[in-house]
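All chains are identified by letter, namely A, B, C and D, in their written order; residue positions are counted from 1 within each chain.
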Amino acid sequence: MTSPRRFDVQEERAWCPGCGNYVLLACLKEALHRLDKQPHEVLICSGIGQAAKLPHYIKVNCFNGLHGRSLPAACAAKIVNPALAVIVSTGDGDSYGEGGNHFLHAIRRNVDIAHFVHNNGVYGLTKGQASPTMDLGRSTPGQAGGVRSDPLNPLALAISQDAGFVARGFTGEREHLIELMKAAIDYRGYALVDILQPCPVYNKVNTLQWYKERVRPLGGEHDPADRLAAFAQSLEGDDGGIPIGVIYRKDKPTFADRLSHLAAGAALVDKALDPRAARVFMDPFF
Amino acid sequence: MTSPRRFDVQEERAWCPGCGNYVLLACLKEALHRLDKQPHEVLICSGIGQAAKLPHYIKVNCFNGLHGRSLPAACAAKIVNPALAVIVSTGDGDSYGEGGNHFLHAIRRNVDIAHFVHNNGVYGLTKGQASPTMDLGRSTPGQAGGVRSDPLNPLALAISQDAGFVARGFTGEREHLIELMKAAIDYRGYALVDILQPCPVYNKVNTLQWYKERVRPLGGEHDPADRLAAFAQSLEGDDGGIPIGVIYRKDKPTFADRLSHLAAGAALVDKALDPRAARVFMDPFF
Amino acid sequence: MSDYNVLVGGAAGQGVETLAALIEKAFHRHGLWVFGVRDYMSRIRGGHNFAQVRVADRPLHGPRRRLDAIVALNEETVRLHRDRLAENGKILSDAGLAVTDPALLSLPLERTARELGDPRVAGSLALGVVGASFGLDRAIVEGILAERFAGETLAVNVKALHGAWEWVTRHFPLPLGPRPERDRILVTGTEALGLGVLAAGCTFSAWYPMTPATPLMTFLSDRQGEAGIVVEQAEDEIAAINMALGAAYAGARALCATSGGGFSLMVEGLSLAGMTETPLVIALMQRPGPATGFPTRTEQGDLAFALTAGHGEFPRLVTALRTPADAFRQAARAFNLAEKYQLPAILLGDQFLADYVQSLPPLDFGSLSIDRQLLDPVAVGPDGEYLRYGLTGSGVSPRLLPGKVPGQVVMLCSDEHTPRGNITEAADVRTAMVNKRMGKQAMLSREVEEPEFLGEDGPVLFVAWGSTYGPLREAVEALNGEGHRVGALVFGDLWPLPTGRLQEKAPGKLLVNVEQNHSGQLARLLRQETRIACDRSLLKYDGRPFTADDIIVWSREEVL
Amino acid sequence: MSDYNVLVGGAAGQGVETLAALIEKAFHRHGLWVFGVRDYMSRIRGGHNFAQVRVADRPLHGPRRRLDAIVALNEETVRLHRDRLAENGKILSDAGLAVTDPALLSLPLERTARELGDPRVAGSLALGVVGASFGLDRAIVEGILAERFAGETLAVNVKALHGAWEWVTRHFPLPLGPRPERDRILVTGTEALGLGVLAAGCTFSAWYPMTPATPLMTFLSDRQGEAGIVVEQAEDEIAAINMALGAAYAGARALCATSGGGFSLMVEGLSLAGMTETPLVIALMQRPGPATGFPTRTEQGDLAFALTAGHGEFPRLVTALRTPADAFRQAARAFNLAEKYQLPAILLGDQFLADYVQSLPPLDFGSLSIDRQLLDPVAVGPDGEYLRYGLTGSGVSPRLLPGKVPGQVVMLCSDEHTPRGNITEAADVRTAMVNKRMGKQAMLSREVEEPEFLGEDGPVLFVAWGSTYGPLREAVEALNGEGHRVGALVFGDLWPLPTGRLQEKAPGKLLVNVEQNHSGQLARLLRQETRIACDRSLLKYDGRPFTADDIIVWSREEVL
């Protein structure tokens, strides 16, 4: 099939009406389509949450693992079978809360995967507690009296650790999001796209409209190769407008490039296994 | 006692001769002394590792918990008893590897603690594997063929998340380190001091001498209130010299300041407990 | 009125929960005994959710299969539950729905709501219909609305209620008794547990959201201001338990609550609690596993795990919560025992218990006491060095809080340690410390509570634990009523396992374990500790709770 | 030569390990059978470390208490171990040490080293002394140095060896037999296990450093280039197991190795393996707990935990490693069973087994086979949709690797799922999936291996598991030699528990469980699964391994 419909599956979507996840899913299918991918060539990994249900609604390979733990699984799958286009598409609680340590170290490891974070500011599936990106002071079920921690800034964090592709998308800007997704999947190395995804049920402040009034696509005046400029952009918030687009971009060796001991092109998944081949390792013990 | 010797304990130190940990310990005692602290007023939390043995060698309260998990314990202890001066003194593997997620979120939570990271680039106690701060490409026991991940930059990370006190110390600069420690303990909120601590046994590259040739105390020309400048400094490495001192500093409300529902000064540890006082919470259920 | 069972069903987001809660409270306030269960899907909108509200003039302990009325907020509700409707049962649903059924009482709910200008009052309309149908006192029902809504919203809801009330002819003429004083409460297991936690003086609690433990923490969080405590949402469960341990070390009574997956992440911390002899209470609210399993449903699948979770050997208390009232009492007791023996206590609940709602006599706060067993600071002079892990005659080392005695420091140590709390590698110290820690297990085993015996001594003895208490109690009572001499032992304390009553009751009987899991984990434990084997097993692991009917039918077919 | 036992002791960092390893290899290359154990502290420098090298002309299975020689690198070594020295035993130590002892053979090691201009050759000097003392062949010993050193370093070490050799008069005139061919290997448990892992075709392994699992991963890491595999140090154990699962899903044979604390962090992932039916092998190398415990010592404290670790119910294989040769074979078998039944397999080792070194016949790589049970891609046409969790007659769903068949996708799901692998909440699907998963447990129980029987049928039967095999075997042989009719059953497979041989052997015997833990975890498991109870227990939990002597002495006093 040559339309994005080759990625369709018959599966009822457990998302609320009006949820940004629908748009995100549609954009992802379109991006894969434009990249000419076939279902069996793509692997989407996710954790647990509303966002994390995404791979159930698209026909590709799916590793729907534990809450917070999709990044390590995704990196390993890519290492074992480099032919797969590996994408992590999961929630902000998943990526930055429970999975924060893996986020940090996935940047360092630089495996060639794309990481799409559905940033809705809340834990949707567990009914609206604050996610790490929610603003200080907002009351939620679970944070009576208001959030007491500063919001996490994932883009600034990624830039601080020199991630090679750091971007922000918005479900209210479809074409822009599709192209971001394409670029992230195409990028060789770990690519982060934090996606502003309104949750009309639990996040009554950061609505589609609220974002529409604030987002500001980065134009030619921004040089994504300039790390300090990128860092400054990543700190921009409500006042100066919320920048969307590729904030930082840099080419660097991937994990596979650094795996010098594996012959280029040799995939672990295709390795022939033979116990006798290991006999040589016994030699030094005689 | 009015000398730092009031913090001495009779306990054989399980550190190697020439290890930077000895200096770090001595500086910590001196800093506490200069701050006029008494042993019972101080709590040192640590995880597991060579660095993490520190609280056994100083007479203060000690929470020597799990590898990687000292930050949450320290934050909670401070919340429960604000009268304690709470310090985390532990390894780089502990703080940035196993404990990376807590590092990230301790910044957001901004409990009034000081975090001293013994940064030796290795996992000392487990015999020399790379810690997250070790350079790319270095071979270690466990990373045959060399480290394949970029080093973590803890200071850049802390600045990216707007930690209020971000500093680097060096065991080769004692007086400087003592004053940094003092300032960090005095700071109201989460204070990070990443301390360059040579490990003569397992880190043969980043030796005392190596650092001595490279560190560069930050002088008056650096404005620690300037976040972008601080970020730029945190990226400085071997070439431009390794800056030590307070890189970023900002006053902000602490966790306790945000605990508006607890009467100022009321310590949870001193709360009188009475089952009957809770009876009122049953009223709505009649 | 003997025993009515009303189902309210609809899609997630349609207000099933609100309506069911209103109906429950309305019956409850009439002096009837209520028992309500929830069946929710793991999603926020759509799908199919339902609640069953059972009402009777005597205390109720479990859900029932047969329905007397269905309040259908969508067609699917009728389709899915019609077969359970009693012969002269009624279906109440909106006239706009495509339902045709002889039992149907079609109501213009949506239309009226639109006329009233607020679609959200459909719930109050339905409440009015139910209230009027059951002959309730309108003033009481109005009062309940007034507790939930205010101002404009209240006014329009009351208007809806009135409208519905007038519209309805009385379909179930129920001779309701006099309205009693408010001498009974209506609570979920979560709420009773939360009240127990507050009564126990828990001052610090850390958590990470996870169904079905979330409601407990929301309950506590909502009250943190009034109670003057801290409830902190952590970045993950590992942080949560290590925070709780830091807080307990510093002197708080600390709690963690989670479900199986989160508990898995906590078990290293549990081991730390064991090694460092730090008191801690963990509420483990079970749901079907493994992994993510069925997030919103029920199971008793984590008993075996809880018994030995965490590496190495250390003492612990494992207590299953049987009923809301039991949860209240056990919470308070767990905090006391955790501090008395300086060990972790695990309260085993599950989604069924957490979410069901039951009418109860008020909880007795006066019967609880707080027993911290802390060392009196004046007992430690600045001369004698305080030894956190001192080997004393009592078998429990004295516990002092850090910062409370000048000159004294409190050492907590994760490695094997000396009496002072410093790292050691000595074989003899190790042996003494293991003996001390495990000795506390032996001490604790002398004060665990025997299982509750229900019913009659006879040829069949059921054994069970935790939340199956309610359905099993109803089943045993019904079977006794039919003349079958059956009894049941329902365990609360599970570790250390009390074995006396089982050893006394079991001989000569057919033993049947009734458990909400696949492998019969209680039966295994009984074999392990007593070598008494169950003869038959009634096991259920589809995520839905037992009803008394399930047990009765099975028993009649298999063991009676 | 019948049975010699040499202790090498000193502070951490003094080269105890290197010297002991050289001595071991020297004896080994002479066709003697070697058994070496290590006793290290959890520190890098200082403290007291020692190694015991036992040598005999027959296979050895455990350490011995009595010493025939002590090579002391510091005074403390003599102080700590002198009491174990046999009557005409010898102490070899440097003349510079303050040791006075009739057994002393004082050697100018340090001085000579200084003269040779390299203090690090003291080890080779000591090796020369030992080699000469025991009448070894100098060419063989030199060859061993040549395997370890090169160039200048080799030259100075050889010079040292020669010097020492000449200096020493022969104190133990040992008629060593002819030098056999190199037909035997000398390996630690770790090395044998590592060879098994490589032979099994493990292609991906993720870990986080933790004693005593670290040596295994270092072993694999050091060979990753030559073997063409990936060994990745993760940020934490949670990442490690989730990486391993991602790798296994994608088609690798994946391994994790850790100790108790790290395993605690992995158990949520273990549960995920169970739910998603992903094959995985975990080497759990035990050390004394709880919490950090004794990082460098041994215990069998995690059996009960391993049996039920992880929330929810799922099948697993738990196999204890008894000897290095067993570790080799079991590793290969675990990978096959994990893939055959699509479940996690836990290999239970411990520090004793991981670190002891033993002479063995070569491992038989030819006897191993690799059995992946993957679905042939051509069997899945693009028309029929591949169902990852299909309910087939075989009881095991067909496993396909992702990306291998155009048009087909492979769904892995942590929630309860449909045959395709999508989230479901249906009660009947749940029941079917639980039955399928747990059914694999039943299938597996039909191919577990019965415990090995040692010794003779008689009034006393020991039961044990894992690494106590060696000491127990020596004890049983010795007691049999003394005319005591005792036997032992040593379990490898523990879950599902094979019960046949126990049920056959136990009746009428005094059953004694010999375990390296406090609570007798095997005895509990046997009661649980068979209701057979042990009559007596020999338990040790001070972190040091059993010797045959311990078991013999206790048996003589208590049960013979």
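Couple of notes before you dig in:
Here is the rule we go by: a residue touches a chain if its C-beta (ideal position, glycine included) is under 8 Å from a C-beta of that chain, and two chains touch if they have at least 3 such contacts.
Source: prediction; values computed, not measured.
For chain B, the chain with the farthest CA centroid is C.
The interface holding more C-beta pairs in contact, when B-D is weighed against B-C, is B-C.
Centre-to-centre, using mean CA coordinates, chain A is 37 Å away from chain C. Rounded to a whole number, the gap between the C-alpha centres of chain C and chain D is 44 angstrom. Centre-to-centre, using mean CA coordinates, chain B is 40 Å away from chain C. Of all residues in chain D, those that touch two or more other chains are 41-42, 47, 223-225, 232, 235-236, 238, 261, 268, 272, 276, 291-292, 295, 414-415, 423. Counting partner chains per residue, chain B shows two or more touched chains at residues 14, 48, 65-66, 100-101, 104-105, 132, 145, 148, 259, 261. Of all residues in chain A, those touching chain D in their complex are 11, 14, 38-41, 43, 45, 48, 53, 55-56, 59-66, 69-81, 83-84, 101-102, 104-105, 259, 261-263, 266, 268-269, 271, 273-276, 278-282, 284-286. Of all the residues in chain D, the ones that touch chain B in their complex are 13, 41-47, 208-211, 214, 217-218, 221-225, 231-233, 235-236, 261, 291-292, 295. For chain A in complex with chain B, the touching residues are 99-101, 104-105, 107-110, 132, 136, 145-146, 148-153, 156-157, 159-162, 227-228, 231-232, 234-235, 252, 255, 258-261.
Residues of chain C touching chain B in their complex: 147, 182-187, 191, 194-195, 198-201, 203-204, 206, 223-230, 232, 234-236, 238-240, 242-247, 249-254, 268-269, 272, 276, 332, 362-363, 365-366, 368-370, 372, 401-415, 421-423. Contact residues of chain D toward chain C in the complex are 41-42, 47, 238, 259-261, 263-265, 267-268, 270-272, 274-276, 286, 288-295, 297, 299, 301-302, 304-305, 307-314, 414-416, 423, 425, 427-428, 430-431, 434-435, 438, 517-519, 524-525, 527-529, 531, 533, 541-544.
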